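Both complexes below contain chain A, partnered by chain B and then by chain C.
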Partner chain A sequence: MDAAFTYAPLIALFPLASFVIALAFGKYLPTRGALPGIVATGASLLVSVWVAAAVWQGHVHHEVLYTWIAGEDVVSLEFGILLDPLSALMLVVVSLISFLVHVFSLGYMNAEGETGLPRYYAELGLFSFSMLAFVYADNLLMAFIFFELVGVCSYLLIGFWFRDGAPASAQKKAFLVTRFGDYFFLIGVVGILATFGTTTFVGSEGFPQLAEAAIAGGETFWGIDASQWVTLLGLLVLGGVIGKSAQFPLHTWLPDAMEGPTTVSALIHAATMVAAGVYLVARMFGFYAVSPTALAIIAFVGAFTALFAATMGVVKDDIKQVLAYSTISQYGYMMLGLGVGGYVAAVFHLMNHAFFKALLFLGAGSVIVAMHHKQNMWEMGGLKEHLPVTYWTFLAGSLALAGIVPFSGFWSKDEVLFEALLLGAEAPIFIAAYAMALAAVFLTGFYTFRMVALTFHGEARTDDAATPHGVGWSIKFPLVVLGVLATVAGLINMKPVAVVADLDILYLETWLDAGFETTAYGTYTTLVTEVAGFSYADIGPLLPAIIALVLAVAGAALGYRTYAVAEPTEPVKRLGGAYDLVRANYYQDEFQVWLAEGFTARLARAADSFDQIVIDGTVNGISTVSLRAGSRVRRLQRGIVTNYAALMAASIVALLLLFAVYGGWF
Partner chain B sequence: MLIEAMLLVTLVGALVVFASPNRYAGRLAFAISLLPLGISLWLYHRFEAVGNIFLGGDPAFETRAIWIDLQPYAIEWWVGVDGISLPLLVLATILATLAIVSAWTPIDERESQFYGLILILETGLIGVFVALDFILWFVFWEVVLIPMYLLIGIWGGPRRKYAAIKFFVYTNVASLAMFIGFVAIVFGLGDAVATFGMPEITAALHDGQLGALAGLDAATLKLAAFLAIFAGFAVKVPMVPVHTWLPDAHVEAPSPVSVLLAGVLLKMGTYALLRFNFTMFDDVAQQLAVPIAILAVISVIYGAMLALAQSDLKRIVAYSSISSMGYVILGLVAYTTYGVGGATFQMISHGLISGLMFMVVGVIYNQTHTRMVGDMAGLADRMPVVVGVFVAGAFAYMGLPLMSGFAAEFMIFYGAFESTVVPSAPLVTAVAMFGIVIVAGYLLWAMQQSLFGPFRLETDEPLGRAPIQDIAPLFVLLALIILLGVDPDIFVTMIQDAADPVAALGGDT
Partner chain C sequence: MAAPMEAYLLLSAALFCVGLFGVLTRRNALMFLISVELMLNAANINLVAFSLYHGNLTGQTFALFVIALAAAEVAIGLGIIMVLNRQYDDVDVTRAATMRW
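Right, the complex of A and B next:
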């Protein structure tokens, strides 16, 4: 075994240690817990890179670490570690972003004189721990466990400023909406465990493999055909994914989650909470790859969400809100990629998005510091001159988000679209998904550059924007690191270039097509084509790439031209009713609030009335004994309670007598 | 003899506390309660797997002697434990000690009587989990009721009389039904048994020795007895629709008493159901699997919906118990290792978690003198430590992984899903699982309203610092909840050993 693998469990345990330190001793430490967090996540990053290097050399690792519940004659429930190309890649991404967020927090939280910092750093440590353990989980139950912990850490961090009403409401919403999704996920976990007797991801005894065998063998479970049963289980697990990755219709919590500190938003959006959902689908892709129905549903949920969220991103005024809707939309692309069988494309976009979205959020955080904690873009303008580092890095992130060559987002988004097109050319229904995603490309370009223009270009529209606050190295350093990554990360899988120039430069694809056979890209491709029956047209990648690029550039140019002026106005308002509808987020929030308060709470009150009047009323009615005894007791003084002991004793004697008479003792 | 020692020190301790001055009663009771706690932990330490003592297992730490010889039946002093009763014994002694400490602040009158009654209550609870002779068991069962009645009736809230008498009459009527049902079975067995030893009665029933009685054939008699006994225990659990005594009792009871009521007394009901209905009468339980599973699901969902409608923190926690106990019934009726084992583990886990929640609500009440969600907001600003524990406890209640509630509920869900006894088990399980969403709904709502947001307190109490004796028990419970969540095998290994034979009755090995 490679030495790196021996130390790999520490990747998650380091941040756990920083959680404990910050919680117990944070208030005595000079940085209130920031330093242990930085050291811990830095160490996690180093070990992750070491692990990735070992994986690069072709080594993989799967080991059971801990038996949670040992079954004597039944299945044991265990925790293990799974290190393969997918998890190694994700470990590096998560620990890197977590490290940078910790560093950034020095400038964003400590320097701004926040109180409650030990709590902040403790929760940040717990958050990193949970996500990293989730990433290397070797089975679905363990994944669920850490998935939930990620959820509770999000809850705690979104509500960091609990003294205000809005964060308190947002944290509740985030947990409740995702819990609704996790309800289905948990049924899925239980179902998979009960069906296959295991929840392990890899190997011939892994549940995806067993599912494939069951379908091939024509088995039935609970009277249901194996292929339908697998689809059902897959969709149940997908419920959790839709909740965490903020896909329609469970996306509503994410924009509200902006109430948390911006550093937390960066972590939630780029590397932890939201990423967990899509990562899970990738992790157990072998299970979805055998079910064409589940794949199609993933693809359509993704494509629809990509477009739906992009429309809402266009009309937001708060810089963080724009980014929030862009996150929802971008995760839609990843779902689309997975749904059409483009495993590499989706993982590629997951990685690129992690870099550029963390960058954009941290950039927004820098702007917010500079703007004395104002977030409305209409109050900004002209910040380019004052914040050059923030501006140029933010621009790099924006170009990546908008999907403009050669920035990272272009390559991965294009690959997702390309995969969708290839499938759509053979199975026309998927053309609809492709079209939605393509329309979203234009909108993404538009809202991204609307944001850039309103924030950095034009002229300062308020005094705060004219005299911004400077930002320190702890803010600039993470921005520069991520700015570089957002610019160049796409070069590892330039599909159009590789195909057109016939070069062997698809490094990510090669990376993911290694490791355990059952979780290799090649195996997935075989499953998708042979078991799910998907077929792909033979189309060159150049023209589709150009179409996507033209749309992105057109959107970006339109956004820039409209808003990068001295006195920008809001032309979108001219859409009238449509504008109002989008501005109100399609009344999705109202609907869910109605569901919670108008429907469920009302039903609960009705149940309560029923309980008090009918059930308890009946009880009180028939037990006249109770009432009579009650009225008598009211007259008695407390001191005479011994009477009741006597009553008690008498009743026991009566029972024994009854028993004696029937028992024939006399 | 260790079990006798445990009962004796607790009972004698109670008498000592009764005689002690009020000023020292609390400290003294605490010191005394450490003895049964220490013994139960020693028993845990020394325990070796014995199987299920109702199904042929040799009771651990057994003592057996003729107590009263009434021809043709002998009443015996027969005590012993197995992997199901020992964890409950440990739970009862832990919670009793912690409840005593948590009573130091709120109980400020007639302390010696209060703590004396708590120790008598503890004696009864210990007895219920160790007795193997039915009559002996029944005596302990009834012994529990009297101190509980008095504790609610004397130290309770404004409507304590109503609540106490309701509790008393309700559970006493239930005891009567159960007693008659059981005795009918003993008579129906005729010469097959000569004692009230419950393991022997179980064996005789499983041998098909039951005869006709009073014009009822054996099958009808068994069914009728099953129903009477089931109804008797269902009150204690409580299951819908015989649950309405519970919220009244909890709301009126002082918090330390609520801790024991929810933490241990409810488990007497589920423990007895497991021993009697699901072990002795396993065939009838399996025949009636559908109605029992439906009742379980109704308890889960309906109980949670009721909790959703409450605005008194204590009522919220009280109604959630109904929901959590519904899961126990679901696990039992599944007749799988994980189902029965999970149900037993849920008894322990819920005892700790509901104990923690009642305690933390009590600490808040001690400081604010209100429990109404609408009367307070933003408490996190003033009581950060207590609120931190509240949040942790609430998440434990919601089944957050790596806390004991998740382990228990996951075991139940898995066990129920693969049940072959309950028809359409996956569907039934999925419906019951919706409880995890509702529980999140009401606890998150209550926390948002009362703990977060801008600080506001309608009662205008000067918020002091909660004293250490209020805080320490909270952390002990929280630590146990996390410990059992990370390593459920602390109890699950021994539970499995005793639950497996029960599951085997349903054909699951």
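Right, the complex of A and C next:
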């Protein structure tokens, strides 16, 4: 076994230690717990890189660390560690973003003299711990536990300024909406455990493998055909994914989660929480790959969410709100990628998105610091001159988000779209998903450059924008690191270039094709084509890439031309009713509130009345009879011994008479 | 065979009824105890009489047991009466009526 794997559990345990330190001693530390957090996540990053290096050499690792409940001939519940190309990649990404967010917090939280900093750093440490442990979880139950812990941490961090009304209500909303999805996830976990007797991800005893064998063997579970049963279980688990990754219809919590500190938004959107959902689908992709129905649902939820969220991003005034909707939209792309069987494309986009979205959020945080905590883009303008580092890095992130060559987002988004097109050419229904995603490309370019133009270009529209606050090294350093990554990360899997120039440069694909055979990309491709029955057309990648690029550039140019002027107006407002509808987020919040108050609460009240009146009424009625009878009968017991004796004598006489009459003595 | 069986049974029944009457009418705890003794002895007469009638000694043996039991019962009964007297300065059984609902 490689030495790196011996130390791998520490990747998650370092942030846990920083959580304990910040919680117990944060008050007495000079930076209120930032330093232990930075050191811990930095150490996690080093170990993650070490593990990734070992994985690169072709080693993989799966070990059960702790048996929670040992079962004889029945299921055992275990905690284990699984290090394969996917988890090693994700560990590096998560620990890197977490490290940079900790550094950035020095400038964003400490320098602003926030109170409650030990609590902030403790929660940040716990958040990193939960996510890292979730990433290397070797079974679905452990994944579920840490998935929930990630949800708890995001609840705590979104409501960091809980004394204000809005963060307190946003944190509750985030928790409840994601819990709603997790409820289905829990049923799915229990279902998988009951069906296959294991929740391990990998190996011949792993549940995806058993599911495939069950379908191949034509088994039935509780009278339901194996393939339908697997689809059902997959969709139940997908409930948790839709909640966490903010996919339609459970996306409403994410824009509200912007009430948390911007550093937290960066962490939630890029590396933890929201990424957890998509990562889970990638982690158990072998399970979904055998079910064409589940894949199609994932693809359509993703494509629809990508377009739906992009339209809302167009009309937002708050810089963080624009980024929030772009996150929802981008995770939609990843779901689409997974749904059409493009496992590499989706993981690629997950990684690139982590870099550029963390960059954009941290850049927005830098802008917010400079703007004395104003977030409305209409109050900004002309910040380019004052914040050169922020501007250039933010621009790199925006180009990546918009999907413009050669920035990272272009390569991965293009690959997702390409996979969707290849499938769509053979199965026309997927063309609809492709079209939605393609329309979202244009909108993404538009709202991204609307944001850049309104924030950085034109002329300062307020005094705050004219005299911005400077930002320190702790803000600039993470921006530069992420700016470089957002620019170059896409080069590891340049599919159009590789195919056209016939070069062997698909490094990510090669990377994900190694490791355990059951979780390798090649195996997934076989499953998707043979078991799920998907077939892909043979189309060159160059033309689709050009179409996507032209749309992205057109959107970006339109956004830039419209808003990068001295006195920008809002031409979108001329859309009238449509503008109002989008501006109100399609009344999704109102709809969900109605669903909760108008429907669910009424149903619950009706059920409550039924319980109170009918069920309790029956039970209480019966008990009232005994109660009344008892209170009458107890009057016999008067405490006078003579009465008892008389009663006994009378009873015996009565009994004798009874025997006499019925026994026929007379 | 001096007396017929009916005579024993009648004696026993009469003695039992005297005891029962005492229990039902008296309020003095000592009289209570004496009445219970009478009822026990009525049962003893029955045991001995049937033992004689069947020529089986088991009944007589049980009569001895009942006598020993009665002695024990009297000991406890007198104890209770002592406590009663100490508590209420009286041995009236209707006074001790607090141990109820």
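Quick note on the criterion: the second predicted complex is superposed on the first by the 598 of 666 C-alpha atoms of A that agree within 3 Å, B and C clash if a C-alpha of one lies under 4 Å from a C-alpha of the other, contacts with A are read in each partner's own complex, and residues count from 1 in each chain.
Everything that follows uses one rule, which is that contacts are C-beta pairs under 8 Å (C-beta built on N, C-alpha and C of every residue); 3 or more make two chains touch, one makes a residue touch a chain.
None of these values were measured; they are calculated from a predicted model.
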#### Entry: chain C versus chain B, contacts on chain A by residue
B
### Query
Taking the superposition as given, does A:Arg179 touch the first partner, chain B, the second, chain C, both, or neither?
first
### Query
First (chain B), second (chain C), both or neither: which does A:Ile187 touch?
first
### Task
Please indicate which partner A:Gly165 is in contact with in the superposed arrangement: first for chain B, second for chain C, both, or neither.
first
### Which of chain B and chain C A:Ala557 touches, first, second, both or neither
neither
### Summary
Overlap of the chain B and chain C interfaces on chain A comprises residues 634, 638, 641, 645
### Query
In the complex formed with chain C, which residues of chain A make contact?
634, 637-642, 645-646, 649
### Interfacial residue positions of chain C with respect to chain A in the complex
20, 23-25, 27, 32, 93-94, 96-101
### Task
Sort out for me which residues of chain B touch chain A in the complex.
70-71, 73, 139, 142, 145-146, 149-150, 153-154, 161-162, 164-166, 168-170, 172-173, 176, 179-180, 183, 186-187, 240-242, 244, 302, 305-306, 308-310, 337-338, 378, 380-381, 391, 395, 398, 400-402, 406-407, 410-411, 413-414, 417-418, 424, 426, 429-430, 433-434, 436-438, 440-441, 444-445, 447-448, 451-455, 487-489, 492-493, 496-497, 500, 509
#### Entry: Interface residues, chain A side, partner chain B - complex
67-74, 77, 141, 144-146, 148-149, 152, 156, 159, 162-165, 167-169, 171-172, 175-176, 179-180, 183, 186-187, 190-191, 193-194, 222, 596, 600-601, 603-605, 607-608, 611, 615-616, 619, 623, 625-626, 629-630, 633-634, 638, 641, 644-645, 648, 651-652, 655, 658-659, 662-663, 665
